[in-house]
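The following pair of complexes shares a single chain, subunit A, combined with subunit B in the former and subunit C in the latter.
Coming up: the complex of A and B.
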C-alpha cells in the first residue's frame, strides 16, 4: 500500500452525558492512501459516524477525543479552531447522508459551491462562480451554467447529493469522508453517485473513507474494510479478506444476514440474535459475546477477557478480535 | 386456483394540488390505473423507486385511502364504497404493518393496550392469554405486555407492529417497507419471522419495498411499479432471472451485490423519475429508456404476456427477449 494520507491511531471518543460517561469509540486504528477506498461498516451505535466526525473535528463540546489523527503526518487533534478550519473543507471534506440538510435553502447552489471555494482561495466572486459551475458540470449536473442559479428545493435527491459532492470536491481535498452518501437514494440513483465517486477518485486521486451499512456497496467500491461493533474494531482487512475469509462471528453473521438480488434466495437468512448493545453497556469481555453463537467453543474467556485484534490468514493485514482464533464454521 | 383475497381493478389515485388561485388545478397521479390480484397463501412483492406509487397503492388496498377511480375487492366483495363503521368487518381480513415502528405505535400506551385496540374496534374484549399468545407468535415474552414502546429496540417495535396486525387474525397483511428502518442483522430476523408466520398461519402478504434483495428473499410474485403503473408482473424467480421490461432490467442491474469482484452488466439510467403531475405521453419510462423509439411516445403500452407466458407480463413495446432455454 502507498504511503497513507490519513492515519488514525487508538482513537477514543467519550461523551459526557447526564447518564455518565459514554464511550462511543473505544480505540480504533485505520489508514487510507491516495486513490484508495476504506469502508467502515457497522450497525447503528457502532461508532462509525462518530469516528468520522472526530476526524473532522466536528463533535460537540461534551465529547472527549484522544488518540492520533494524522493528515500527511500532521496531528489534527487539539489544533485550534482557526487552524482546523483551514484544513476542513480544504484538505479533508465530508459528504453527509442527508443532502437537503447539508445545503442552505436560502442560497442558490452555485453560490454555495462558490462560497466553499472562496473560504479557502483568495479569488473574486466571479472567478469562484466560474469554478462552481465547472464543478457542478463535473459532477454531472446537466446545464450547469443555468442550474447554478437554482435553489436546493428545485433539485431531486440525487441531484442534491451531486451538489454536495461538488461542494466537497471544489477545493481538491486529499481525503473525502462520505457518511452513508447513498442511503437516502433510490438504487438507480445510487448507481450514478457511486460511479461519480469512482470517477472522481480516478481523476483526482482522492482518498475515500466510506461509511456504510450496505455490504453490497462496500463489496463494490472498497479496497479495505473495517468492521466496527460497539465502538471497537471487530475485524479489518482487504475487501476480499472480509467477504471471503471473515474471521469474526459478527462479520460472518452480517454477511449471512444480507439477502441477495442476484442468486435464488436461501430458505432462511442466517440471523444474529438480539440487538446491538448500547455504547458502554458492556465493559468486560467481548462486546459481541451476548449475541455470539460460538462462545461455548471458547468458554469463559469471552466474558472476562477483551479480545484484541490478532493477525489472520489473508492478503495483507487481515486481523480479527475474537478469542476463537480460527475461522468459525457457519452455524445454521 | 386458490381464493382471491384482494383484487384491485383499474385503480387510480390522484391527489389534488391546490396552488395559487390563478393557476390551473393540478393533480398528482400517484397511482394511475393498476390491476393487481393477491391470492390466498401467496406473497406479492411490490417494488419501485420513491414516487412510484407503491405506498399509495398499499394504502388504497387497505382502504386507508379512497381510490379516485376503480374498484377494490376484498375477499370477493366490492368494498370501494364502504365507509366508516361498516369497514370494520372488512379490516378484520386485511391489516397493515407500517415502515416506522416508532411513529406507528402510541408512546403513551403500553404494549398490552396497543395489542388490544384492534380487538376493541371489533367489539371484543381480549383475554390476557390471547395477548400473550400474540406476543409469543412474534417472539416476544409475556413480561413485555406492561412495557411502553420507548423501552424497545427498533426490531422489537416492528415485532409489536406485526403482533398488532395479527390480533384480528387477518388473511392478508400489507407490509409497507417493514424492514427498511432496521439494521441488517435485525432485518434478517424480521424477514424470517414473516416467513414463519406465513407457514404457521397460512398468511398472505403484500410486501411493499424498495430493496429488491429483501423482496427476492420472501416474494412468490412480484410487481414492478414505475410512475403509478405496473410495468412488469410475474413469478419472482422469472422476473429476477429474466426481466422483460427495460426498467426492471436496469433496476435489478443497479443493485450492488455483496461479493467483491462480481462484475454486473450495469445499465446506469440517466436522469430522474419524471414528475407524476405531468407524466410523459405514452410509456412513462420512455424518457429514461435505452430502447425508446417513436412509437413509445404515442400510446401507453399495456401489460402483455412475455413469450406467451400469461403469468409473466410486461408493458413494453420492445421487451427483452427471454433467455435461451437451458439445456
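Coming up: the complex of A and C.
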C-alpha cells in the first residue's frame, strides 16, 4: 500500500448525554492511500457515520474525541476551529446519504457548488460560477450552464447526488468521505453514482472512504474493508480477505445475509438473529457474543474477555477480533 | 416574471371578492346597532319633523340593503347627500360621509394615515431587527445566559400592556429625564428630524412589545434549522459559523417571520389605537375610537374596511415575498 494520506489511530468518540457517557466509537484504526478505497461496513449504530463525522470535526459539542486523525501526517484532533475549517471541504470533503436534505433548498445548485469553491479560493463570484459549471458538467449534469441556475427540488435523486459530488470535488480534495452515497437512490441510479465516484477517483487520485452497508457495492469498488460492530473493529483486511477469508462470525453473518444471484435462492433471506447492542451496554466480553452462533465452540471467554484484533491468514494486514482462532466452517 | 404578474392579478381579484363580502358584513353589523346617528345630528330639542329630515338627509330612511348599494355606488361613482344648496358631495372613491366631522371618510382616513403609517413603519423596522437578531443570538447560545436573557425580554414584552409601557416611557424619558417630547406629531415634510424625534418613544415602546413574538419565533425556528442536514453540509464545505447561521440558516427562518411580520404590520397600519391614545397622536386608531364614541358609523365602517384591506394587502405581499425567499414556491 502506498503512503496513506489519511490515518486514524485509536479513535474514541464518547457522547455526554443525560443518561451518562455513551461510547459510540471505541478505538478504531484505519488508513487510506491516494487513489484507494476503504469501505467501512456495519449495521446502523455501529459507529461508522460517527467515525467519519469525527474525522471531519463535525460532531456536536457534547462529543469527546480522542486518538489520532492524521492528514498527511498532520494531527487534526484538537486543531483550532479556524484551521480545521480550512481543511474541511478543501482537503477532506464529504458526500452525504440524502442529497435532497444535504442541499440547501433556498439556493441554486450552481451557487452552492460555487460557494464551496469560493470558501477556499479567493476568486470572483463569476469565476467561481464558471468553475461550478465545469464541475457540474464533469459529474454528468446535462446542460450544466442552464441547470446551474436550477434549485435542488428541480432535480431527480440521482442528479442531486451528482450535484453533491460536484460540490465535494470542486476543491480537488485529497480525501473524499462518502457516507452511504447510494442508499437513497434507485438501484440503476446507484450503479451510475458508484461508477461516477470510481471515475473521479481514478482521475483525481482521491482517497475514498466509503461508508456503506451494501456489500455488493463494497465488493465492487473497495480495496480495503473495515467491518465495524458496536463501535469497534470486528474485522479488517483487503476486500478479498473479507469476501473470501472472513474470520469474524459477524462478517460472515453479513456476507450470508447478502442475497446472491449465483446460488439458488433460499425461501427467506438469511438474517443475523438479535439486534446490535446499544452503545455502552456491553462492558465485558465480546460485543457480538449475544448474537454469535459460535460461542459454544469457545465458551466462557466470549463473555468475560473482550477479543482484540489478531492477525489472520490473508493478503496483508488481515485481522479479526474473535476468540475463535480458526475460521468457522459451519456456515460454508 | 409573467408568472408573478398573473399571480398578483389573480390574488387582487380574489381580494376584491373578499372585500365585497366583508363590506356587506361590516355594513350589516354596524347598521344593526340599536342607536340612531340621525338623533345625534338632530340636536336638542329634536322635533319628530327635524329627526325625519335628518334621517332623509343622511339617507337613513332607506332600507339597509338600499343603503349598502348606495354605499357601493359611492365607492365607484361618488355620492351626494341632500339636494339644492344644502347638498353635500362625496367624491369617488366615497367610503361614506361623516356628518359629525363634516368630511368624507376617505379624506379623513387619508389625513390620518401618515401619522399611523409613521408610527407603524418605524416601529416595524425596529422590532424586526430587534426580534430577529435577539432570536438568532438566543438560538446560538441555547441554554446559556444570553438565551435566558432574550427569553426574559420576550416574556416581559409579550405580557406588558402597551399603555403601561407607553406611560412608563413617557414618565421616565419624557418627564423625569426630559430627553424626548411627551406627545404630539410633526409631519415628516415639515421637519424630518422633529418627526423622528417625536416618534422615537412610541417606536421603541411598540418595538419592545412586538419584538417578543419575533424573538421566540426566530429562536425556535433557528434551532430547528440548525439541525437540518444542509447546515451540516455547509459546515462540511468549510463555511465559518457566522456564514452557516446567516447565509444558510437565516433564509429558512425568515419565511415564517415574514408571514408574522406582514400580518402584524398590516394590522398596525389600520390604527395603533392604544399607542396613539397614550402618545396623543391623531392617527387612524384615534379616529376610530372617537368615531365609536360619537356614533359616527360611516367612519367606523370606513376605518374597519380600510384595516381589512390592509390585512388582505399584507397577505398578498407576504405571498410574493415567500416566492422571492423560497424557490420551491416560485419554481414550483
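We adopt the following convention: the second predicted complex is superposed on the first by the 321 of 332 C-alpha atoms of A that agree within 3 Å, B and C clash if a C-alpha of one lies under 4 Å from a C-alpha of the other, contacts with A are read in each partner's own complex, and residues count from 1 in each chain.
By definition in this document, a contact is a pair of C-beta atoms (placed from the backbone, for glycine too) under 8 Å apart; a residue touches a chain by one contact, two chains touch by 3 or more.
Owing to the predicted nature of the structure, the values given are computational and were not obtained by experimental measurement.
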Sharing subunit A, do subunit B and subunit C clash or fit in the superposition? fit
Contact-wise, after the overlay, does A:94 reach subunit B, subunit C, both or neither (first, second, both, neither)? second
Mind working out whether A:103 is in touch with subunit B, subunit C, both or neither, as first, second, both or neither? second
Subunit B or subunit C: which reaches more residues on subunit A? B
Thinking of the overlay built on chain A, is A:120 touched by subunit B (first), by subunit C (second), by both, or by neither? second
When the two complexes are superposed, subunit B comes to within a least CA distance of subunit C, in Å, of 9
Inside the complex, what are the residues of subunit A that reach subunit B? 43-44, 156-159, 186-192, 194-195, 213-220, 222, 239-240, 243-244, 253-262, 264-266, 268-273, 275-276
The residues of subunit B that touch subunit A in their complex are 49-50, 153-156, 183-189, 191-192, 195, 210-214, 216-218, 237, 240, 250-252, 254-262, 264, 266, 268-270, 272-273
Give the list of subunit A residues in touch with subunit C in this complex. 56, 58, 81-82, 85-90, 93-94, 96, 98, 101-108, 115-116, 119-120, 150-151, 153-154, 164, 167
Taking the touch rule as given, give the residues of subunit C at its contact with subunit A in the complex, in rising order. 228-230, 232-241, 248, 251-252, 325-328, 331
